[in-house]
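Read from first to last, the chains carry the letters A, B, C and D; within each, the first residue is number 1.
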Amino acid sequence: MSNTFGNLFRITTWGESHGDAIGVVVDGCPPLIPLSEEDIQLDLDRRKPGQSEISTQRKEDDKVIIESGVFEGKTLGTPIHLVVRNSDMKSKDYNHMKNLFRPSHADYTYQAKYGIRNWKGGGRASARETIGRVAGGAIAKKILKDHFGIEILSYVKQIYNIKADIIPEHVVKSDIDSNIVRCPDKEIAEKMIDHIKLIRKNGDSLGGIIEAIVRNVPAGLGEPVFGKIDAELARAMLSLPACKGFEIGSGFSSANMTGSEHNDEFYNDNGIIRTKTNNSGGVQGGISNGENIIIRAAFKPTATIMSSQKTVNDEGKPVEMQGRGRHDPCVLPRAVPLVDAMIALVLVDYALIQKTK
Amino acid sequence: MSNTFGNLFRITTWGESHGDAIGVVVDGCPPLIPLSEEDIQLDLDRRKPGQSEISTQRKEDDKVIIESGVFEGKTLGTPIHLVVRNSDMKSKDYNHMKNLFRPSHADYTYQAKYGIRNWKGGGRASARETIGRVAGGAIAKKILKDHFGIEILSYVKQIYNIKADIIPEHVVKSDIDSNIVRCPDKEIAEKMIDHIKLIRKNGDSLGGIIEAIVRNVPAGLGEPVFGKIDAELARAMLSLPACKGFEIGSGFSSANMTGSEHNDEFYNDNGIIRTKTNNSGGVQGGISNGENIIIRAAFKPTATIMSSQKTVNDEGKPVEMQGRGRHDPCVLPRAVPLVDAMIALVLVDYALIQKTK
Amino acid sequence: MSNTFGNLFRITTWGESHGDAIGVVVDGCPPLIPLSEEDIQLDLDRRKPGQSEISTQRKEDDKVIIESGVFEGKTLGTPIHLVVRNSDMKSKDYNHMKNLFRPSHADYTYQAKYGIRNWKGGGRASARETIGRVAGGAIAKKILKDHFGIEILSYVKQIYNIKADIIPEHVVKSDIDSNIVRCPDKEIAEKMIDHIKLIRKNGDSLGGIIEAIVRNVPAGLGEPVFGKIDAELARAMLSLPACKGFEIGSGFSSANMTGSEHNDEFYNDNGIIRTKTNNSGGVQGGISNGENIIIRAAFKPTATIMSSQKTVNDEGKPVEMQGRGRHDPCVLPRAVPLVDAMIALVLVDYALIQKTK
Amino acid sequence: MSNTFGNLFRITTWGESHGDAIGVVVDGCPPLIPLSEEDIQLDLDRRKPGQSEISTQRKEDDKVIIESGVFEGKTLGTPIHLVVRNSDMKSKDYNHMKNLFRPSHADYTYQAKYGIRNWKGGGRASARETIGRVAGGAIAKKILKDHFGIEILSYVKQIYNIKADIIPEHVVKSDIDSNIVRCPDKEIAEKMIDHIKLIRKNGDSLGGIIEAIVRNVPAGLGEPVFGKIDAELARAMLSLPACKGFEIGSGFSSANMTGSEHNDEFYNDNGIIRTKTNNSGGVQGGISNGENIIIRAAFKPTATIMSSQKTVNDEGKPVEMQGRGRHDPCVLPRAVPLVDAMIALVLVDYALIQKTK
């Protein structure tokens, strides 16, 4: 529990936003997987700050180093340690936060739980914590792709009230990365980008929805009744900073449906049993049915905003705080590789365990 | 994983819908908790079939027996085994299902995963599996109430397109149980009941949304970054049969908001630090902040319907299946105590682990 | 932890010696394993009380019932619940024990830990708890034998100061069960039996050593650095009631050796890499090397004796207690199937996980 | 499992002997523990190579760096990452080992398991792996000492056939560190040192026994039936490189005893219930009884010796290998802090979990 995720393929992450470094131990990775720092860097670059005009301007290279578990370009089956050094640590930036609880941040809850917190930039509750997940997830993605042919594609579906019109089955990776907001609907992407720029000027922030499609999932992954694949995906998504909701397939819209509308009819597609509709989102009874897995995760707007806000300090006295420095008006474009990573971490575990049956 | 849930307070459930019995081992329960079968039966009675005219008419008493772990009316700290005998087992009812895959059931995925399935009434994928959860959850609820003062109230918020107008903070238990659909909005409850009756006549089924409020949660529960309390609640809900979505606090509506709208302002309420709004749903950074925890879970309509449906059999040949026997037009009223139970199982673990800090 | 053992193949045991029943949930068992109650009963019969003139005369049939997880004679991949009803429950036998702490029993420690204990016959600390292990282990043994060809043979090596002269490699199962003390050295077995009979008359008890050999273990089982196969075997043995020591291969005698004496020379045996000696006991670096695994476990004499003993009661007052009723002068013959079971539970986990590499 | 040890207080270790570094993530450490690098360095210095004339002359400073989880001198409750850089990496030293399997090393088993191994100096199977354990254990020891008053003292009891005459209850820390072999019996220590020097000249190596006493353990630690404290201690010891046996209290000598000799009589010692003898070794029914915990671990002689040995290469061909470079004639003096660390890791988990009862 706590800072370890997974059963057979496990990541254990460590690091605070303003400490020396952020890292992850990947344990249980099968041996003989070709692995280089480049394989991992690609995903970290999609997550790193300062990558476009609509993300935070914090300057971090986020260069990953493999410190163990790989020998002559291949995994050994022993723990793989990946580390990213923090470079843009400016403690002075944060002295004004030392004694107050920023609204909708985790300052207060960490203080309430532990009686202490690293008040420099969010500490462990900072989104920098997710570097370890993306790094570990990159290895998981590679195994899924190379050994099982599974492809995971996450993308921005909605920013604020701007909703893209996307048929998940049609999405290709190049469309996602064709624009800085990572929305495959290029027209809507422009509107999203414009609105993020506008809101950044206002010093405010925006929420949105990320959707993901997972292709080529074999039927049979998932471990009911508590290790259902949809349950673990929900847990994985809600473990992400700012995530407030999860759905699979028909999701919340299923509430408004009748059984005769919702049921997915089985048919025989040249020897493969498939469903005509996919309200199930690729999972039935907690086990993959071979259809695409389709999920959505809702993200609240970033808590850090530039306008003045009322709050209390650590003595319980009312104070007014003024945002300053850099802020990230919308985390969703950078969260896309993170959603990919978490899905990969969930699936690789199920794919490995299914080999034991 | 798989059939065990929890870390310090763990349940391990067993049993198929048409086997001899359904049971649960509760391990890690603190000693000296007064416990009788009545404590558990109360919740099982709210879950059992045939309890009202809008639920399935399967006849089961669902009487629980405590077989270990309790001595002279108190828990021993040793594993508690609870068992409920199946009585309404009619295998003949199910012979027509032996060779076909019912749409949106788990018949196909269990067969694909395990190469075998108990085709009598859903086997392990039947909702009867949840008896063990409700029984174990009843103990968790008792500990939370007696030792921590925590109260959990789940209720039906929406059936099909009929939405109740409920202020969670105002809900009391007696309102929930004042009607058979378990919706505290009594007027809307009538409409829901009428619509369920109508749809039952049509042989169809309905989905909906269950909402829950948890009161008196101390600040500090939750174990980031992977044991966040909202992440475990999401996992718990999605592990339930028919659940397709989860949200906490502002949930999916947070996607449409700006940071300045969404942020929950802190204030000092006579020495207690509280928030003026509760978009966070009682959880910040994966840790409870002392406000009410408010979550919602979406349930798809029951897959079993009485109309004719196309599907394939286990040889992949197209067949037409006709619903027969009894069906449950809407599982939500009976799922209410189940949602209570899963929330309790999540929280009791966090409450116990927080004692170690 | 606590009452669950294993990772992929997990048993969760429940039950006190004088409760209704003793049971075990086996979770993670692969599907499609042929399984009947007879498969399990065989091992339970070797463990049950009253089976010979040198064991306790408590009368228990220990008949096992499979209550879930098996369908039409085959495992489903879902949890298997096995239960054995207690029949020889005579609470009156134990009223004299209610308020005192029997020397070298767990009465005092359970009371100190939990503040309560089931004082009827040892409760959870009774050797009856091990029924669940033997039952679950029987399934593990079957998988190991049928799917991997692995054979586990445990036997009594020493009772008190009577030591058998056994070459593990020569032991066959029929030799073990050729006598009631389960020692394959038939001459020494007679001496052991005679001494146990003598000590029983004296109302005293005896310790001893059980040795086990595991054959046909493939090279490669074990998960360093904390899941080393020898480490898990040690844990498994020390989790048994009355076990005070564990060794593998050269064990404690290795302390007296030099490296040049101890090292096992590798050679090529018709294409298979083997070692000329087996001081390693079949495990190197925590991983099986393909040689026979050979371990020993030391058991202290049973704490229940018939002579008068000084102790204190639960108010700390000195009391003198007199043994009465039935006692087991030497548990080792009945512990033999238990050692088999625990070894099987350890190995099946490693065999399954190795399939994921 | 695998590279993580512990439940509530968990260490996850990583690193190979000739990689960049060795590290450990400590997760679940309570907050507000004062912690500096010095606290940890002290134990690492007792373990490091080259510390005396009887240990290996490999040159490593083994300087630890805290990279996360500590803020302003106190633990945050977040994961603590500790790293030690490898400095004495001379790959050329090991080229001769690339293609052969050293007798009684883990070269062959790692190759058999993973199909690949880091052949430079033992890789993950090197004793350098234990740095992470000692570092993590140092924190555990600190918590046990400061919060529970528990003291752990390990020392060398026997080297080869030279046995010290030690009454565990009389041992003090300064006696242990008064000589380089870490044996509190100073006369015998001299003999041990002389014999190690002699055997080093011969290019051979020696085994031995480490004994440990743990004082001030409160009654009630341990989680039966599978989390028995003696079972976890056994697992912890056998997880150590070169450990071949474990015993607690009377250990293997209990096999030769009768119940009337072995039973520990309870008495009231000024309000505290104690036992007159301690054959139980401080643990009854898997739970501490408040007496000193006394254990012993047997270590085989180091596999690396300087004489010529027959073995096979990775093509199965017979080869003769000649030892060269540096070797460690006896690991026991350096293993003493490691035994301390593993005991501490086991106990801290139980001490924390007991707070939840």
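Observations on the model:
Here is the rule we use: a contact is a pair of C-beta atoms (placed from the backbone, for glycine too) under 8 Å apart; a residue touches a chain by one contact, two chains touch by 3 or more.
Owing to the predicted nature of the structure, the values given are computational and were not obtained by experimental measurement.
Counting C-beta pairs in contact across C-D and across B-C gives the higher total for C-D. Compared with chain B, the chain whose C-alpha mean position is the greatest distance off is D. Chain centres here are Cα means. That of chain B falls 46 Å from that of chain D. Separating the CA-averaged centres of chain B and chain C is a span of 39 Å. Work out the mean CA point of chain C and of chain D, and you get 27 Å between them. Contact of a single residue of chain D with at least two other chains is seen at positions 2-4, 7, 13, 31, 77, 113-114, 124, 357. Chain C makes touch with chain A in their complex at residues 7-8, 30-31, 77, 352-353, 355-357. Across the complex, chain D meets chain A through its residues 2-4, 10, 12-16, 19-23, 25, 27-28, 31-32, 65, 67-69, 71, 74-81, 113-118, 123-124. Contact residues of chain B toward chain A in the complex are 1-5, 7, 13, 101, 103-106, 108-110, 112-114, 124-125, 129, 158, 160-161, 199, 204-209, 219-228, 230-239, 241, 243-252, 254-268, 271, 273, 275, 279-281, 283-290, 298-305, 307, 309-312, 316-318, 354, 357.
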